[in-house]
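First chain A sits with chain B, and in the next complex the same chain sits with chain C.
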Partner chain A sequence: MTTTTPAPPRTAAPQGRPSAARRLRSWFANPWGRPRFLVLITWTYMVWAIVPVLIAVQYSFNGSRSRTIWAGFSTRWYISDPSSVINDPTLSSALQQSLKLAAADVIIATPIGVLLALGLARWRGRGSGSSNFIMLFPLVTPEIVMGVSLLLVFTNLFTFIHTGTFAQILGHVTFSISYVVVIVRGRLFSIGRQYEEAAADLGASPRVALVKVLLPLLTPAIVAGAAICFAISIDDFVISYWLSSGGNTTTVPMAIYAATRAAPLPSTNAIATILSLITLASVVLGYAGYRIFTRGERAAGQGMVGDMAAFDI
Partner chain B sequence: MAGEVSLVDLVKRFGEIAAVDGINVDMPSGEFFSMLGPSGCGKTTTLRMIAGFEQPTEGRILLDGTDMAYTPPHKRNVNTVFQNYALFPHLNVHDNVAFGLRRQKVGKQELRQRVGEALELVQLNGFEKRKPGQMSGGQQQRVALARALVLKPAVLLLDEPLGALDAKLRKALQIELKALQQQVGITFVYVTHDQEEALTMSDRIAVMADGRVEQIGPPQEVYEAPETVFVADFLGVSNMMDAEAVGGANICRLMVGDFELDALKGKTDARGPSKVTIRPERVHLEDQDTNGPNRIPGMVERLVYLGNSVQVITRLAIGTTIQVLVQNAGGEIPWKQGTPVQAYLPPEALRVLTDTGAALPKLDEEAVEPV
Partner chain C sequence: MYPGWLWRGFALPGVVWLILLFIIPFYAVTAVAFGQVNPTLLTPEPVWNPLQWNVGWMSEALTRLRPGGDLWVVVVRTCEYVVVSVGMCIAIGYPVAYYIARHATRTKSLLLILLILPLWISYLMRMLAWVNLLAPDGYVNRFLIWSHVISTPYGWLDGRPITVIFALIYGYIPFFILPLYASLDRIDKSFLEAARDLGASPFRTFLHVTLPLSKTGILGGCVLVALPMFGDYYTPNIVSGAPTTSMVGNQIDLYFHYTSQPTIGAALTLILSFFLVVLMAYYMVTVARATKEQQA
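So, the complex of A and B:
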């Protein structure tokens, strides 16, 4: 059929003003509109999650001994009070212990994790699939189970390992290796074998290819892995608790826990604030490192999203 | 002169599948040799075996007479230009090009000079400090070339190096690449699925299918004188007809349906069921009352205007539809849809083919090349 009359409009124009319900509905369900509810829900959640932390931070600067009644700004719970973070031997030793464990964890778990990731990503054949899967076990095992199991191992099987700093480090390393492996392996899969092949093609032995090409390309993932190791070690409670031998093997989370059960002072808030800042700093540093080291690639349209997509779990 | 490559009975199996199934090729030094075929034909696997990234299951890879099938890639005097270039993203152009020289412990002075020369060769001086991510695809491609050529390899392997570029740039680089190869004079082994690329640049082409070589020869020979059904089908457009070869030695007498055709080209001593082919531009359409040998009546089914020529789709009386290309000389084409015609198939244009059983991959089941 051929006609020359203009086609009628696709939708009939509404007669007069649409009803209120209809207008509400079109405001509510307008696919082109701004995502109002998404914004609302997101901000509600952020406020819900962050406000308690901010209040805790605020009371770490309280002028009085109260953790609920604001008495003016002061840094006494950080430096001057006899029971401040600096002056209270329990708190300062806890801070030291936490930092010590986290540092040792990063130094030990990161290289082992990187090597494991390299091996697992390149190993093809019997057992490679299951070992890749088992790698994820520490990520999904309840921490309490891991803590108790490790304690049993150290007290019954490997009795030469006594509870205390060494056992705590072993515990932290045990579960944080998996994080490094997962992150580095994801990066390995996303960069593929082409750069190694190119290096070999240009005369680099496997060892040189690893040092000159693969490790530089893995740096962002290694930095991110180290940062995550640090962050999860420093705020770990369960494993540190089960493997501690009391006294100066108490970590910050343990000290906060103990203090809260006894007579909490704003110094507890102060040390919690310090802990949060350290964790935040490590994650920010890790992320910044990732951004810096992948700068060239992001210009070429690859980068973190690709790495995350290639996690291949 | 160095750079002679010989593949002897080369086989590569991935599990049950033979990706490369017995290849014998000799590439004299200084040749621009292309391996052409659809994806999954084994061309990339062959190249990767020459480079050393894959180990052959059987056979030998000779470089200037020495078997290097089991030499690791970093000890072979061949270099590769990868399909996606594989430039090291953390190194700038200078360091990318210098990477191989540093592995050879070349002195500082010489290194700087050779990197400069290589970049000049690909017209990229002044780009030394750029990172690969800050360059266009064409520029990255040149860096990849410079990085490989700076080592003065005996053989340069190129794995679809123009595949990621747009059509115009690809055309320009084809000419440049060929000129470059003549300038440096080393053997190029070029893998592509693009027939135009292979035809324009190569000294010789190996057309591959299903892990085997179907035909080797200069571009003109492979295009003009395909030996097998696959080659005729893969290169350009061919009108394929089923025929029964009934006699003759230099002239092959064929029965196509009820019609008798004489063919002068190809496997003229064939007997029994055969395939015969003719290129669209070699068919002449004539008035329906023209008489003479080597003619089959038909009817014009469709005309497709192509600009410089007109494609006349003609259904022959034997049931086969053929394409006929009529040059656009400015005049009106005397045939319309439904016009009965005589298709004259000159004996010197008819070619009897060998059927190796290799078939073009269907568009919807494109095979995946194992990497």
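So, the complex of A and C:
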């Protein structure tokens, strides 16, 4: 800011590379034109969002019992230590329980969700409006409200269902259905009805049009929906917590929660790392499946990103 | 071409499932909150008929939540935490979403992946990561001691409101940025060009074109993070655990899992849900009005 030459009019294009002082001044005069400030914030945010998790992953490979002081690389918290993921009965049974719940959730919620999406998209008449409305509620209801209400209905009305694995599965399916519906319905709207109409014009029966035309077109969304069911089920903490009956109905997020509040060991980091890798793998597989099945369609990735964005809203 | 009953039949299992396991359970909360308590076993006795509802427990819960009641401080604290956290989400999230939507070119795909990534890393793992970093001998305290800001380790995890607010922001901000990014990305670029052609400075363009057009995105993001924050209990439990940072969700958790008073817990859940429905309705009315304005 100590230049002695008079500053050129602001409209004049600077010749060559502008000096640092001028760059700084032009940045103050027009902070939105050259978004260095935004670049800084964005990358700081990204580092802040990701790096702590990477450090936690690093410490799952720590050689000592500490989660804060690095003592060299080791896989003892995964396989060899008495309290490693494999040897600690709490952790290994939690992993089994999480996988069991997620698999059951995919098997039950995906078909129900796909059928519901088809029904809601095409069914006109009494009850369709309110059904559409009901479907949206599980997406915005805070999980604690869902957890409390399921717990109370199982303890007071459907008393033949006891808390435990079966109740947890019912809970997971209840919040997963809507996610499948949102994804499949997005795909239904983007493919339209012309393919089925063409099939009907060519003499296909409704059953053939449905099974041979619509179902293959929906496959990418079904795959993506199943993957997302798996991911949200395996990540779920609240519903599993409210419907658990203790002991071997503890899931991995519940084990992490309990360990974090007591005295976490690097084995907690290790099981959290395994959990995150499973989730990421299922999402990546779902995305890859979507891409493979929509190969040849324009802007295929766009659709999936759009679906994911829609699913989060 | 399809028979009329087909689609209704397709929707049936899902609709029945949601009625049985979403609507009826919610009614069960109402029936317990307006029910009786067994005087000897102290278990809740739900009253299913609205005509026989007992308002005693509900009015007790409301009295305790009102100013002067013992839970009033929890209500105020929850609102403070949520308002501050949502405000910080806007302050951090808006520039990030704006940059990715408007300016990022070659790095856009990478930034989008990094933006979505935290959504698929377990929430509990992200909290665990910070519990490790904020431990007395964690990186944060070691850095602060090394840079002579403090001389002895600060007890970040000993019931500090600032840690809870920080954890809430860290946990929920990805859910704020993503819808905001989507709404900023949807803005028609020709509006910006028109503003520039008419002589508006970039700052004025932002203030009078971009900001108003992203209003629904901001509001949507706020509602999306505020709803789960109001019902959160595990974040304060993980990073603090002290009663001094307890939120409404912690009280509900307490009445069910520690003191076995499900009736009062159900009443609190019902009041919380009612409040959140009002919040949601406000959002939907605002969005409907904004859409109408844009179409006019």
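Note that the second predicted complex is superposed on the first by the 258 of 313 C-alpha atoms of A that agree within 3 Å, B and C clash if a C-alpha of one lies under 4 Å from a C-alpha of the other, contacts with A are read in each partner's own complex, and residues count from 1 in each chain.
Operating definition for what follows: a residue touches a chain if its C-beta (ideal position, glycine included) is under 8 Å from a C-beta of that chain, and two chains touch if they have at least 3 such contacts.
Keep in mind that what you see is a predicted model, and the values were worked out from it rather than measured.
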| item | value |
| --- | --- |
| Partners on chain A (chain B, chain C) - clash or fit | fit |
| Touched partner set for A:269, first chain B, second chain C, both or neither | second |
| Touching partner for A:96 - first (chain B), second (chain C), both, neither | neither |
| Chain A residues touched by each partner, larger count belonging to chain B or chain C | C |
| Which of chain B and chain C A:197 touches, first, second, both or neither | both |
| Chain B versus chain C as contact partner of A:80, first or second or both or neither | neither |
| Minimum distance between Cα atoms of chain B and chain C in the superposition (Å) | 6 |
| Doubly contacted chain A residues - partners chain C and chain B | 197, 200, 206, 209 |
| Complex contacts: residues of chain C adjacent to chain A | 1-3, 6-15, 17-19, 21-26, 28-29, 31-32, 44, 46, 92, 95-96, 98-100, 102-104, 111-112, 114-133, 135, 137-139, 170, 173-175, 178-179, 181-182, 201-203, 206, 220, 224, 227-228, 230-234, 237-238, 241, 249, 252-253, 256, 262, 265-266, 269, 272-273, 276, 280 |
| For the chain B and chain A complex, residues of the former touching the latter | 51-53, 72-75, 78-80, 82, 84, 86-90, 99-100, 103-104, 131-134, 147-148, 151 |
| Footprint of chain C on chain A - complex, ascending | 30-33, 35, 37-39, 41-42, 45-46, 48-50, 52-53, 55-56, 59, 66-69, 112-113, 115-116, 118-120, 122-123, 125, 127-128, 131, 134-135, 137-138, 140-146, 148-153, 155-157, 170-171, 173-174, 177, 181, 196-197, 200, 206, 209-210, 231, 235, 237-238, 241-242, 252-253, 256-257, 260-261, 264, 268-269, 272-273, 275-276, 279-280, 283, 305, 308-309, 312-313 |
| Interface residues, chain A side, partner chain B - complex | 194-195, 197-206, 208-209, 212-213, 216-217, 293, 296-300 |
